[in-house]
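Look for chain A in each of the two complexes below; its partner is chain B in the first and chain C in the second.
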Partner chain A sequence: MEQTLKPLAGQSEQSGSDEEGRPVVPCWSCQGPVGEGSLFCSTCKAVQPPGQLDHFARFGLPAEYDLESAVLDRHYFDCQRMLHPDRFAMRTPKERALSQQQSVCVNEAYETLKDPLKRADYLVHLRGAGVLPEGCTLVNDQELLTESMELREALADAESLEDVDALDQRATDDIRYCIDALSDVFRTDDLEGACRLTTRLKYLRKLSEECRHHRAKMDKRE
Partner chain B sequence: MAYSEKVVEHYENPRNVGTMNKADPEVGTGLVGAPACGDVMKLQIQVSENGIIEDAKFKTFGCGSAIASSSLVTEWVKGKTLDEAATIRNSEIAEHLALPPVKIHCSVLAEDAIKAAVADYRTKNTDAKPEAAE
Partner chain C sequence: MQIMQIHEPGETPLPHEGDGVIAVGIDLGTTNSVVAISSDGVAEVLRNEDGSGLVPSVVAYAPDGSAFVGELARRLMLDRPDAVVSSVKRLMGRGVEDIKSLAGTLPYDVDKSGGEGSGMVRLSVAGQRLTPVEISAEILTALKERAEVHLGQKVEKAVVTVPAYFDDSARTATKDAARLAGLEVLRLVNEPTAAALAYGLDESAEGVYAVYDLGGGTFDVSILKMQKGVFQVLATGGDSALGGDDFDHAVAEHFLAERAADRGTETMTSADVKMALMSARLAKECLSRQESGQWTLDIDDQQTFHDLDRARLETLIAPLVDRTLGVCRGVLDDAGVASQDIAGVVLVGGSTRVPLVRQRVAALFGKEPLAHIDPDEVVAVGAALQAEALTVGSDTLLLDVTPLSLGIETMGGLVEKIVERNTPVPVSKGQEFTTFQDGQAAMSIHVVQGERELVDQCRSLARFELHGIPPMTAGAARIQVGFAVDADGLLTVTAREQTTGVEQTVEVKPSYGLTEDEMAAMLYDSMMHAQDDMNRRLLAEARVEAERSLSAVAAALQADADLLAAEEQEEIVETMKRLEAAGAREDRDAINAGVEDLERVTRAFAERRMDRGIRSALHGVDVREFESAAEPADGVDTDQPKT
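Entry: the complex of A and B
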């Protein structure tokens, strides 16, 4: 990937303490006020505990499906730079431990948000908490299942690399369609539609993965 | 994690793999899926006039446990009545195949599949023979 990111001079010092409507809690170290979810105390600069934040809030991003990957990357790399172990080598054991906890949370949030499928799954659960208790774990969508079965059968029967490539291309096209459609349904807060598309996306990813396996097997035979 | 001997046995020699004509009124089809792993399972039964399952076929794209669970169910349901087939529980499948806890959902899928196949057969045959559904 291209490095589109430049260190944001000056901003890294402030971004831990910008308080945009976040509840203020006392800093564990100096008892000064800290916006919940801030990486650092603005008063004493001590690293803060990660707290219970959703993955979007962790990067100060709105909980929406549309997300520019360059923006996410920038927030992520900023955080990781500020939490780098080298910066804590001379700090207290407590600060070293907190910075590691923060780092774990930041990584988890990034891994979830950068992948369109994981992001969709996460956002459905985030928005649907209490609305759709089963989340997207059930499939009773016969149309989707029939499609998945037919495509997997076609792959199992595929004899030439061209056949496999054609199926993989179809999976790729449909994946792109799903991601675009997810953006629409999340914008209108259509959670049922989001669930359907997320499930379809899972099956398409699986198909694409199986296409790769199939191709590898064919390559070996030749 | 290692699969049990029985799972491996079914996986290597799956019973009754195949497809029946979905449109045939004597055939009931159950199509179910587990999106978390991208599994899809089709289980079909052919039912005689007196409500006995004469033949069963399956096609599963999924892990070894899902294949073994559906293979086992096709063996179990042959010769059973629809009611008997619908009482098969996932716990029996899981126990027979010695499935570990993380693979229990595969047996659930097989239970759902046979139930769906029975329900499909009944739906198809209710219109034609209302009394046969009872």
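Entry: the complex of A and C
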């Protein structure tokens, strides 16, 4: 009886892909076909497990360094409006668990992309996979090391709040410069340049953080 | 066509679990608690005959062991101090060790015998030995009853608020207390976030806001960005042992010092301490309205009189207020926001009525704080709004963060942070660790919460061991430790040896929490209807599952019925009808069996649908337009981002 209606008998290998190139998998709820990585089943509307998407793709954004925070926020909020566990409080345990998984992925993507440093690191990793197997750790820039050490020493020697503020200001300016420069190197796909700038951004951040600690300590002493 | 007789998804005649479900919002406070309910986006605080929405968080125990809560209990505080407990929130999720640091400042007798079971502190009250969870459950029961009387129907679900700075143990303890009171917690919401929701919806506020929440025993400050119905917490911080109670202590100590100077040292009973604290509190409250006054201490029938003016009060409490401002600066820094960028400051908690607090907060943020929603009620209002959003649906969205970093102990007593504070929840993070001895077969995992680098300075949440690591040389094992924090801020830890797949999952039961056995015993003791409640919950779950299954099959039939012969379709439709009928009855097993039947009779149908889907995908031909633009589920916005 099944045979009479089953189309394309014999060709039941569960593979193929939908029009966006995503493989088709069975929906956990209605068992019908759904493109892998779809948020919801197009037939029964059930929420689906999060697919293996890169952080940009999860928001439907191009994998580029330039990203306005307002744009990212908008995409982030749109995703969480659909997927946050609060939207599934009255649904089945399975749907609640899936929404949590989805929401976790969205949060992770957001946390990575909203920070210019993490975004740079991630984009190097994304574009450089294969080209730079070890990521940015290979960058060994003498100039960078010297600069970093000098600034650290300057902070250790800082005696007044003004000294610390001046150092912090310098770090802040350099951070801004790095972010602008990163935008250029990613546009020209200069991955080595991106690595160097990312590394520099990392230690500038650390320096700025240490300035804050230092200032807090000085405040307490007063 | 037969299929048309099937109800549309969401229109099944099954009792829909989202319909008619009442969920209340509860602010379980240190000094007072409030219950509110929201309907159509308008929240109402439930009041007594006198119009008061505040239920004092005070529990009195009668000689027969029965408890009563609220104003009546509070009035007994002086006459029967040994039978009355107040401020129990300060002990939620705390261990005997924690309490030592608070010794002398607590107006009740802590049972120091320790004893069997968990490390949770116990109080000796009217000859009983009670945990803070049980005492809090009495308060929650009273609030639940207030709501039931008001609504004329049973209330079983609630959104309960907790201080944002509550750690995992205190959150778990709060959830356990609700369970004991017969309430299912739909969500634990952070108090400042709830307050922001109440303000944001009321004022349709946009921009970055600070919420300064000084309660009886806890202090929280959160920085939120509000835009278009989204409440995004940027950073939160606080002190879970700092509140208006501490103002009272400062004043009481001042009175007692004056008395001691006058009369020499006396031995104090806990009743005397309670009395002194009550006078102090009265003085604090009066001095919020008037400039000076005189108060009496009556100990051992010996009265002393104490003058106090506002200026003196302010010197007594200024160090405490300054501590809150320090926390505020840190949180602004974490949020990456300057104080002049704050669009408004919302005041929450009864202690923000103290004029000095208002002045200092206004000075720090450079603007007059908002307090036009009663600071004692605003949290419950927000909780009620969120309860409605969770049950009925809403366009607003709360995006909250973890208040404290979570990590595990590594060699040398250091903490390896896995989830940093102020990370949006839900979050899931993992880190790899390895063995440090050849042939090491077990690894002990110590989960801690806090910002310090040394384990001793952080709060210990749980310890567990991963066993069965196969013999390997030191450093060869790959142990993945995963931390998952859900939307309630509760942590689950997993550990897994990667090369062999030995896995162990623990829901972090905090070191100072209750064990499952203790919880079960309490449920058994305190609730005659525990079994009933459990059965009702399981029935509700079975119905939700049946509803999902029915609507999924109905949607599939609507899309692909042409894949079925008439008799096949008929069989499916008949099975659906049987399941619908079962769902309308109370027999849980019949519902579950019906769901399984439906799965069985639709299996072949599902295969054909997959085949069609794959075929259409392979040929790029829309065999039946199966991939029409995805429309999200009920209660979900439609503007899905294009991938």
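In this section, the second predicted complex is superposed on the first by the 187 of 222 C-alpha atoms of A that agree within 3 Å, B and C clash if a C-alpha of one lies under 4 Å from a C-alpha of the other, contacts with A are read in each partner's own complex, and residues count from 1 in each chain.
By our rule, contacts are C-beta pairs under 8 Å (C-beta built on N, C-alpha and C of every residue); 3 or more make two chains touch, one makes a residue touch a chain.
Source: prediction; values computed, not measured.
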item	value
Broader residue contact with chain A after superposition on the shared chain, chain B or chain C	C
First (chain B), second (chain C), both or neither touched by A:T146	first
First (chain B), second (chain C), both or neither touched by A:C44	second
Partner chain in contact with A:K206 - chain B first, chain C second, else both or neither	first
First (chain B), second (chain C), both or neither touched by A:V71	neither
First (chain B), second (chain C), both or neither touched by A:P33	second
Chain B versus chain C as contact partner of A:L126, first or second or both or neither	neither
Partner chain in contact with A:D86 - chain B first, chain C second, else both or neither	second
Common ground on chain A, meaning residues reached by chain C in one complex and by chain B in the other	none
Interface residues, chain C side, partner chain A - complex	9, 17-18, 21, 186-187, 227-228, 230, 232, 333, 386, 389-391, 393, 395, 397-399, 423-428, 484, 486-487, 541, 544-545, 548-549, 551-553, 555-556, 559-560, 563-565, 568, 602-618, 620, 626-637, 639-643
Complex interface listing, chain A residues touching chain C	1-2, 4-8, 11-20, 24, 26-27, 29-35, 37-47, 53, 57-60, 73, 75, 77-82, 84-87, 89-93, 95, 100-101, 103-104, 107-108, 110-111, 212
Complex contacts: residues of chain A adjacent to chain B	136-137, 139, 142, 144-146, 148-149, 152-153, 156, 199, 202-203, 205-207, 209-210
Partner chain A, residues of chain B touching it in the complex	31-38, 40, 42, 59, 61
